[in-house]
Amino acid sequence: MGTYLRNAWYPAAWSRDIGRALMKRRLLEEDVVLYRTEAGTVCALEDVCPHRLMPLSLGKLEGDTIQCGYHGLTFDCSGKCVRVPGQDVIPQTARVRAYPIHENMGLAWIWMGDPAKADPSHVFDLPQYHDASWSAVEGDALEVAANYLSLADNLCDPSHVSFVHLSTLGNAQSEDIPVHFEVIPEEHKVLTWRWIIDAPAIPLFQKFGNFRGNVDRWHYYHYYAPNIAIIDFGSALTGTGAPEGKRGDCIQVFACHFLTPVDESHSIDYWLHVKNFHADEAMNRALSDQFRLAFNEDKEILEAIEVNERRLPGRRQIRLAIDGSPIRMRKMVSDMIGSEAPTESKAA
Amino acid sequence: MGTYLRNAWYPAAWSRDIGRALMKRRLLEEDVVLYRTEAGTVCALEDVCPHRLMPLSLGKLEGDTIQCGYHGLTFDCSGKCVRVPGQDVIPQTARVRAYPIHENMGLAWIWMGDPAKADPSHVFDLPQYHDASWSAVEGDALEVAANYLSLADNLCDPSHVSFVHLSTLGNAQSEDIPVHFEVIPEEHKVLTWRWIIDAPAIPLFQKFGNFRGNVDRWHYYHYYAPNIAIIDFGSALTGTGAPEGKRGDCIQVFACHFLTPVDESHSIDYWLHVKNFHADEAMNRALSDQFRLAFNEDKEILEAIEVNERRLPGRRQIRLAIDGSPIRMRKMVSDMIGSEAPTESKAA
Amino acid sequence: MGTYLRNAWYPAAWSRDIGRALMKRRLLEEDVVLYRTEAGTVCALEDVCPHRLMPLSLGKLEGDTIQCGYHGLTFDCSGKCVRVPGQDVIPQTARVRAYPIHENMGLAWIWMGDPAKADPSHVFDLPQYHDASWSAVEGDALEVAANYLSLADNLCDPSHVSFVHLSTLGNAQSEDIPVHFEVIPEEHKVLTWRWIIDAPAIPLFQKFGNFRGNVDRWHYYHYYAPNIAIIDFGSALTGTGAPEGKRGDCIQVFACHFLTPVDESHSIDYWLHVKNFHADEAMNRALSDQFRLAFNEDKEILEAIEVNERRLPGRRQIRLAIDGSPIRMRKMVSDMIGSEAPTESKAA
């Protein structure tokens, strides 16, 4: 087993994808089967029948219960066995682990730790997602063959966009502009940011904005340990006072990344964006395509790094100024994992 | 090396597939090369030249001898080296292991243990296979990515057909009918059975039988440790006395499964069926197709279980009444392996 | 890490394939990025950015420097970091390992050991390659999933051609003719040879020679430890005195094999041939096709042996007279590796 924070909410799947068909997902090295009851609530059970270890996802729904496809053992949403065909006595140990689920922002969030500690009010929320003056567009579930903390590094690091995302999110004008960061322990957050003043708009905003001159551009990377990144970035015409807080006529986007560790070297990035303007479906799709392009550039890099990290264990890495934020983020996650009691980190 | 019973006859290949072309098979983690002599007997040698470890199956036949494709070392059917090109003296150690072979029921059976103990009269035989009033139809060599004992569990378990094989061998009427079993040590056999009385015929017999009403159906699973299952199943019209032994007008089929462990997580199921009625080729083919469908349903389940067993070592499994027979079968195999002298289990 | 001789020149790539595009190669379990400067010299750096272990080959060239594709760190051909975007101070440890390169015989040769010991005058050279009365034709970079010493065995072993290369380089007449060998320590060489007197020409020379009768054929296998084989083979009409040294009217070919260990079980064979006659392009291509066919026959054998060697660790192999040369070659390589100081074998 890897080392993950168990008492945390992780996205298990897009709500849109969960229905009356059994769906299998791997999270934190555990297999989970997901389905929706007839009344519409989401059930999540360990995807292992306690009889012969058959994946329950290969069975079928009987009403709100799930029937194993090998010998017909049947379990309800709480994981309790309600039927053993061929015998009247149901063994006490015939139970499947059930996971708390809460839906928000288009996602079903799962609690992999102690169910007694699962508090749905702690599921992450971005107020603008629900604000009619903003516009939210769902993206994908991007599979990346890298540890989730390597994705997290990337999401505490505004500087890479100048080199990785030249066709979308960055441009050469920002190459040498330093980044700043701040640790906010009470929010389990590391905030990293920089401003690029009086420079051409990035390609994305050249496409979707309508700037007639240079802009002031900001990047605020809010990373909530262990697995949530909200990238607040935007631009306003230079001279209109954006750096001083006047953002009356600006483009602003929250790129949201909700990470799920699959195992030590695989992760899923559920991403979406929330922007301060409305657009038609074609434009929203075009915008998502730009993000998709950019995030696949990250994927290529992070997967190549993962290979080298495994090939070169113990290889020393040099530290640069830009690494301050990722280092503090990793320390925060590590401390949170360390503060979980060993019994908790073993599953409930 | 895994733990297999070595002093036993295992099917190595269908007789129909062995000819004058070299054929490679892996059994009990050993590679074997098979071929037929000019006179028609089957030879089986370890598929490793003792010189440079080249697979002999990449060489060629010279009459009844096999010539290595790298340096021309040549071996006869007993494994003796009869030629070393370029030198007159043949080293004493230039020998290849030879395995006893005996053909029966369309299969070439191989003895992987001490050749001195190989007794062809112990090769399994089903009398009805040779009886002109019965009809035998050969099936396939089904590769399953699971341990052979997991296949054996399945073949000591009539109850799964109610859930796994609903389109062929089972139906819902049998879901809750308990199974019985008996251990017959002198035959190295565990017999498991149940009767389903006064119920609709299973889909297979709906297709191939001609029943105008409900039937009495029997399943007798004869498992001969370590690797042979004869499933005797059939149906007769309810009220004609089948449960009391009167089977004058019934359909009866012996589904035969002859298992070969390839390695700890791969097996081959050589299957065929013998039935108490004759049919034309099209009908025989259709019947085989039904079995093929059913056995591939088992394959999917057993492979999924194999993955979970490896992923979750030590995970406790609950025991049900239906597990009595598989548990006793595994105990019997384990005792047989344990009773082999360590030197025998190492190969002759 | 495997055990390779580090202080040696290995072919890294065909010169023809190295240009202004970044090229990745693995040698001795290290990844190397290769490119040509604007002035045309070849640079070779470890393909790992010292910052986040990103492969530099995923970055881009900026003039003669290479820029990492993640954060823009930039390195010159000596491996020195010349730029860290966003900060003025370049850490002392921001260095990439650089490898000496020397081009000869159409190949870029790399020195994986202590750079201070790299002497380009020791790069292998075949004088006939540069002689206008001879004709050199480049072949391929043949990837073989086997240890390079298994390829080396094959290249110290004239006897296998009688069994492996019957359609090209050998024929049955040579099957029983013994081989001879001599160890020449001062050249790190093992020379293995045999003559086949008064026999039909081999298929290759039947195609490309013009012999009206039987020939005297020689094979001299010059193996220079650890990684170079020059196969001098040819034929002259029987009775014209070739065995006594008169080779006025003969066909003579040097088949050159320059081996690179990729890792313990993968190697690359850069091969070319140099012959004592000129031919048009079509004939040269046809000749290369014959070699390609033959070397792929070796590849099949060596890969099958590699699999068996890994599957059967510790399996004893019998030794034949023909093994004398390979055994001495391996001893020579082993002694050379042993004589490298442990610090050297760790990389410079």
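Labels for the chains are A, B and C, by order of writing; each one numbers its residues from 1.
Note that a residue touches a chain if its C-beta (ideal position, glycine included) is under 8 Å from a C-beta of that chain, and two chains touch if they have at least 3 such contacts.
These figures come from a predicted structure and were not determined experimentally.
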{"item": "Any chain that touches chain C and chain B", "value": "A"}
{"item": "Interface sides of chain A and chain C: same vs different residues, half threshold", "value": "different"}
{"item": "Approximate Å spacing (C-alpha centroids) for the pair chain A, chain C", "value": "48"}
{"item": "Touching two or more other chains - residues of chain C", "value": "none"}
{"item": "Complex interface listing, chain C residues touching chain A", "value": "31, 48, 50-55, 58, 67-72, 84-87, 91, 93-94"}
{"item": "Partner chain B, residues of chain C touching it in the complex", "value": "153, 159-160, 162-164, 175-179, 300-301, 304-305, 308-309, 311-312, 315-322"}
